[in-house]
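Take a look at these structures.
In what comes next, subunit A is part of two complexes: it sits with subunit B in the first one and with subunit C in the second one.
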Partner chain A sequence: MAAERELQIAPLVQESLVHNTRTLNNLHSLTASLLGVAAGILGLESLAGFAFYISFSLLAAVLFYVLRVAPSSLPAGKSLGDTSRYFRRGGGFEFWTGGLMGGLAGFVLTWTLFYGLVRA
Partner chain B sequence: MAQVPAQTIPRDPQLFYWILFPITVVMVLTGILRHYATVLMASSPKKLDKKTTREQRSLAHGVSVRANHYVLSRSSFTARRDALMTAYESGAFLKDQDGRGQPPPNPMNDPAAMEGMMGMMKNQMAMIIPNTLIMGWINAFFSGYVIMKLPFPLTIKFKSMLQAGVATKDMDPRWMSSISWYFLCIFGLQPVFNFLLGSDNAANQMAAQMQMAPPAGQMFGPGVDPNKQFLAEAENLAVIEHHSVLDGVEQRLLEGIKA
Partner chain C sequence: MTLLSKTFTVFGSILLAHACYSAREHTALQSPRVVTAAALSSSPAAGSVSLPVDIIIETIVSTVLIITGLVLGTKPLRPLEWRVWAGKIEREGAEGFTDGSGKVDRDYVGNPFSVLESRPNFVDIRRQRREFAEWSRQKEKFLQQGQ
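Up next is the complex of A and B:
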């Protein structure tokens, strides 16, 4: 009840939240496709490819945080690693790992394509 | 343990230009076509007559008073609530006043409801027809080849799916035929469409099927009795425990100045 009242006193603009989430999703899907291109050209197979995907999408999330979120959220009094200034849904978990599942299909597609073109 | 040598299959490099490339291009173009077909076929909202509009808007009014009650002062909220509840319970906003208490008409006989269903049917058709056509096209022209190797191993169960039309028993399930490239395209082209058409596109059937779940704002679907909705909304309004954002604002202001 207290949190609800707090939200009513300082309301969130729904459009901005949607816009932030959409920007993040676009970044994730584009990153996943490009990672697939890279993994295919490098000729990574099976587990190495998936490990490559996971580590580099997490790296992309970290870079996004450091370059875009942190410069304005740290002075606003948020603690390090807290993305709640821009992303409310999912409590941060979605920010860091949300791209992994969403981009997986695109990653597999481009990975297969470029692996097929370069190696097989 | 002896290492099993990796299977290699010499393939004609022309396979890429004559199978892989056409399928990919066709998939991308179909997605774009589907997007624009959906945009063009979207039926403009039908004009409602005065009584129907009043019925819908007055219910929406009640909902928004309930959702935003905290920006109203107590007296104005009470005035609104009382007026709305009286009107809801007496049925003043109903489209046909005499129809209260009668069972709702069969949605199949209602032309307005049929219109809505036609719209959904059209969307479904825009999904199904191109898929069937492309599946048939790929099966007719490109079945029976192995075109690529997946970069990750799969279990033997995938063999019948990935190697449809290639009846070679000992082949590694990693080799895939053109139909499996088609499936990969279905699932994986969303980023491409995002890039080409903007992110709220209608190009991918997977995303469209997720939106098939009826939207939450569907209050006036066919076969719903408006009188019952009004009564329920009156009840919802009655149980609201009103508080205002201005409650205790002086205290908050003083605390803000002090800090």
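Up next is the complex of A and C:
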């Protein structure tokens, strides 16, 4: 009930939410393919490759926050790490790790391709 | 995409291609020697070929560069709360909703209340008709004087 009332007092723009989520998803799928290339060149295997993917995906999310979200959300009075100016309130986990699952297939595809290219 | 993001992405891609080529050459040149060394010493650890440190550094630096370029090339985000979004439209207009290269987004709708702010239903059509009749009468008189 409280959340519903909150939404009635401060309504959200659905088009903006769709636009922002799509921007973030595009970035994550591009990044995942790129990380697959890097992991294949480095010759990572099994868990090391997935650890590489997770850590660099998080790095991409941090860069996105620093370069895109923070410059306008910090002056607006949001605290550090708060993405509620552009993304759903309480969706912090979704912001930081939302691209991991979506990009995994692309990552594995280019990872195996470049591993085979470099090492075969 | 702005110039900065393009520069980052292109430079990173060149570095990444170079790292890929170097890794390929390294494994191609290294594998026969490792096989003979492993056969001589018969130790299991000698079988794995490890990359030189400079290729590893080059790969990671190029990856970070390309990611930075991609992040800089993303479209600017739009405020989620209605009041912040509407305030941005009022203050900046269409200029606030451009992509990286300065073109206005195709799905920019502008002021959501513009329908209410210019209400064609409330146009005084009788007055406009009177004004038009006046104008056309004057025009006629002017033309007759000209002849």
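Quick note on the criterion: the second predicted complex is superposed on the first by the 114 of 120 C-alpha atoms of A that agree within 3 Å, B and C clash if a C-alpha of one lies under 4 Å from a C-alpha of the other, contacts with A are read in each partner's own complex, and residues count from 1 in each chain.
Rule of thumb we're sticking to: a contact is a pair of C-beta atoms (placed from the backbone, for glycine too) under 8 Å apart; a residue touches a chain by one contact, two chains touch by 3 or more.
Since the model is a prediction, treat every value here as computed from it, not as a measurement.
By the touch criterion stated above, A:L117 is placed in contact with subunit B and with subunit C alike. Contacts of A:S16 after superposition: subunit C is touched, whereas subunit B is not reached.
Looking at the shared chain after the overlay, A:L30 reaches both subunit B and subunit C. Of the two partner chains, subunit C is the only one touched by A:F56; subunit B is not.
Judged by the touch definition given at the top, the superposed model places A:A76 against subunit C, while subunit B stays out of reach. Of the two partner chains placed around the shared chain by superposition, subunit C is the only one that A:L67 touches, whereas subunit B remains out of contact. Residues common to the contacts of subunit A with subunit B and with subunit C across the two structures: 26, 30, 117, 119.
Those residues of subunit C whose C-beta lies close enough to touch subunit A in the complex are 16, 19-20, 23-24, 27, 49, 51, 55-56, 59-60, 62-64, 66-68, 70-72, 74-85, 107, 109. Here subunit A touches subunit C in the complex through residues 10-13, 15-17, 19-20, 23, 26-27, 30-31, 34-35, 37-38, 41-43, 56, 59-60, 63-64, 67-69, 72, 76, 84-88, 114, 117-119, going by the rule given at the top. Touching subunit A in their complex are the following residues of subunit B: 16, 20, 24, 70, 147-153, 181, 184-185, 187-192, 194-195, 199, 243, 245, 252. By the touch criterion given at the top, residues 5, 8-9, 22, 25-26, 29-30, 32-33, 39-40, 44-47, 49-50, 103, 105-113, 115-117, 119-120 of subunit A touch subunit B in their complex.
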